[in-house]
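Got a structure for you, questions after.
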Amino acid sequence: MAILEVKDIEKHFGTLKVLQKIDFSLEKGEAIAIIGSSGSGKTTLLRCLNFLERPDKGSIIVNNKVIFDAMDPATQRESEVRKKRLHFGLVFQSFNLFPQYTVLKNVTLAAELLAKERPNFKQEKKAILKEIQDRGKMLLSQVGLSDKLDYYPHMISGGQQQRVAIARALALEPDILCFDEPTSALDPELTGEVLKVIRNLAERNTTMIIVTHEMDFARDVADRVIFMDDGVIVEQGSPQEVFGNPKEERTKQFLTRYKKD
Amino acid sequence: MKKLLSLLFALTMILALVACGNTEANQSQGESDLSYVQGNGKLIIGYTDYAPMNYTDESGTFTGFDTELATLICEKLGLEPQFVEINWDTKEVELNAKSIDCIWNGLTIDPERKETMEITKPYVKNAQVVLMKEDAIYNGTASLIGKTVAAEQGSAGEDTIKADDNLKQASYVPKTLQTECLMELKSGTSDAAVLDLTLANTMTGEGTSYADIIIVDYLGEENYGVAFRKGSDICAEVNKIFDQLVADGTMATLAEKYGLDLAE
Amino acid sequence: MNQIPVIVGRLSESFLLNCKLFALTLLFSLPLGLLIAFGSMSRFRPLRWLVRTFVWIIRGTPLMLQLIIIFFGPGLLDMPFSWPSGASGRFVAATVAFIINYACYFSEIYRGGIESIPAGQFEAGQVLGMTKRQIFFNVTLLQVVKRILPPVGNEVITLVKDTSLARIIANKEIIMMAGEYSSKGLIWPLFATGIYFLVFVGALTLLLDWLENKLSYFRT
């Protein structure tokens, strides 16, 4: 059973058509890499999944439940949308850590706020908060930052900040973890540590969608690759298929450009 | 476009205020000014710190000729006197806005003022005098052409300067208070000042902080009156009481106490 | 010379008026400014236009003029409302004028601060399932406070000095009081008022520096 189904998504900004006829599905435990040049709509697609943008047409189905349908306004109410966002986690290109909180607090903040909505929160406050703290520490150790729990974002490197961002996204146990060009804003020496963490997650069968320019990484880590250009999915398939034996002309053009670098 | 509209809106508001300020003081709504103040139980008296009319003496008591006179008359009218210190140059606005009910502070009577306010009959004599440092040279107002002359903004002294052909050609320095003009003379930033005789008598000459300032000329006699809003009926009442106080000698005693001359 | 304690006493008493005006203005204009800021950022266009026009008028005219309009306006326009007579009425009118004026200045500082926070902060909160309210109080607010502290501090210091404008509608604050003496030849009280202001602003500066310091543990 597909954990995520995206059907016929369309999005335009004014007269500009940014996404058209986007159709794909994702199995649990699968990692999909989305590649394509700038302006191909990859980031917009990701933002649509996280409800940072509203598609003009199409539907999004998670675990067989329609969580978004452009035709149905009931699925678009703000109160509902908030809960639906929790199906997805998003790691931003520019990290977006909260500067006024420590590394640990960055990871635990959202969970603590959500916990307040639990019916048993008042009685078991202490236990719940401890549970969240422990989970935060565990995730940070998973990304290799146990020694930086009390540091503030401005004190650590870009690569470290991005790793914190990954731990933060994982804290809410999303069904699908999304990455929007996670290493594009990093100095070359720092991309390695972040890619290592993502590779790690893939090996643990984390369901992921990764938008990236790191072709070699995509080839190694992804179970499937989607190539987008001009707002449409041009080709999709296994890494060997897309990288080794591209069918479409546009795909070939794109890959030759990258192979040259 | 939007900015233009809101600018016009704002301007209209301001013009409306100004227009009202100018055409205000018609009690033609019917309400009598006297019943208005009687309804409040008090008469709000606007004054500035101005010896010998309204001032605080060394012991810290608020006193003066006008202070005592006003208190006396309020008693007779059955009203509580409330003395409120104001800025002289906005006295007419204060009166029309009803933040004060009368101006009782050595106000010189002149035809222009009579047009915008209801003024009582004269009660104290005054003159506008020219003051300079005692070693200054003075040969009539002509000798002040091109020199600096100070007076209080909105005062009769200011009007005198503007009306005199020679003083018109002097460099005029408006001040907020008459007493500030004395400061100008003392510090030398003004050559001359045109002030009320009553103030000059009290504040200059031997024994005062302005011992070296003297009166060099008298520019016309005038009288003090108390000003109320245009059309006010309190005026007539006060006039009646003035007559009473002159008849029984109270006015004369008070005037002597403060070294003033009563009006004829 | 035995006048000195008396004069200092009167100066200090009148400075209390400046202080009261300062405190009341801050107390009400700081929150009112936030309300106005939200109005000027509203998605409801008519409200946004109305609020921005109002702010433009208040910031575009001298406070001195606003004092005169607010105090004398009701009486001149024959409004059913009038300020209480005497010194208290003038003080209330001055306070109202100051509150409105400073709220508008603060609102623009707040708006600038809020709009300067990168959208990414807001989006990060969103994807983590936070409500708008939670994002404002847990993510945005402290970052905004840190950013606006210098300009707000500036306005607060300006306010201290502006309080003496209340004398335009005959509030006997410290400079008007000193004027009473300077006009009679005694100049030192006028210069002494400077000391009061200096000390007050000095204390404020220390407080603002301390606040800035407290927020220096992170960088936005």
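Per-chain numbering from 1; labels A, B and C assigned in written order.
Note that in this section a residue touches a chain if its C-beta (ideal position, glycine included) is under 8 Å from a C-beta of that chain, and two chains touch if they have at least 3 such contacts.
Everything numeric in this text was worked out from a predicted model, so none of it was measured.
Here C is the chain whose Cα centre lies closest to the centre of all protein Cα atoms.
Interface comparison, A-C versus B-C: the higher count of C-beta contacts falls to B-C.
Distances between chain centres, each the mean of the C-alpha atoms, put B farthest from chain A. Taking each chain's centre as the average of its CA atoms, chain A and chain B sit 80 Å apart. The centroid of the Cα atoms in chain A and the matching centroid in chain C are 46 Å apart. Chain C has its Cα centroid 35 Å from the Cα centroid of chain B.
Touching of two or more other chains is recorded for no residue of chain A. Residue ranges on chain C touching chain B, taken from their complex, read 6, 49, 53, 56-57, 68-69, 71-78, 82-83, 85-87, 89-90, 167-170, 172, 179-180, 182-187. Chain contact summary for the complex, chain A toward chain C: residues 50-52, 82-83, 85-86, 88-90, 92, 94, 96-101, 109-110, 113-114, 152-154, 168-169, 172.
Taken together, the chain B residues at the contact with chain C in this complex read 2-3, 6, 9-10, 14, 16-17, 20-21, 24, 29, 40, 42, 44, 49, 60, 82, 84-87, 90, 93-94, 96-99, 176-180, 182-183, 186, 203, 209-210. For chain C in complex with chain A, the touching residues are 118, 120-121, 123-131, 134, 138-139, 142-143, 146, 217-220.
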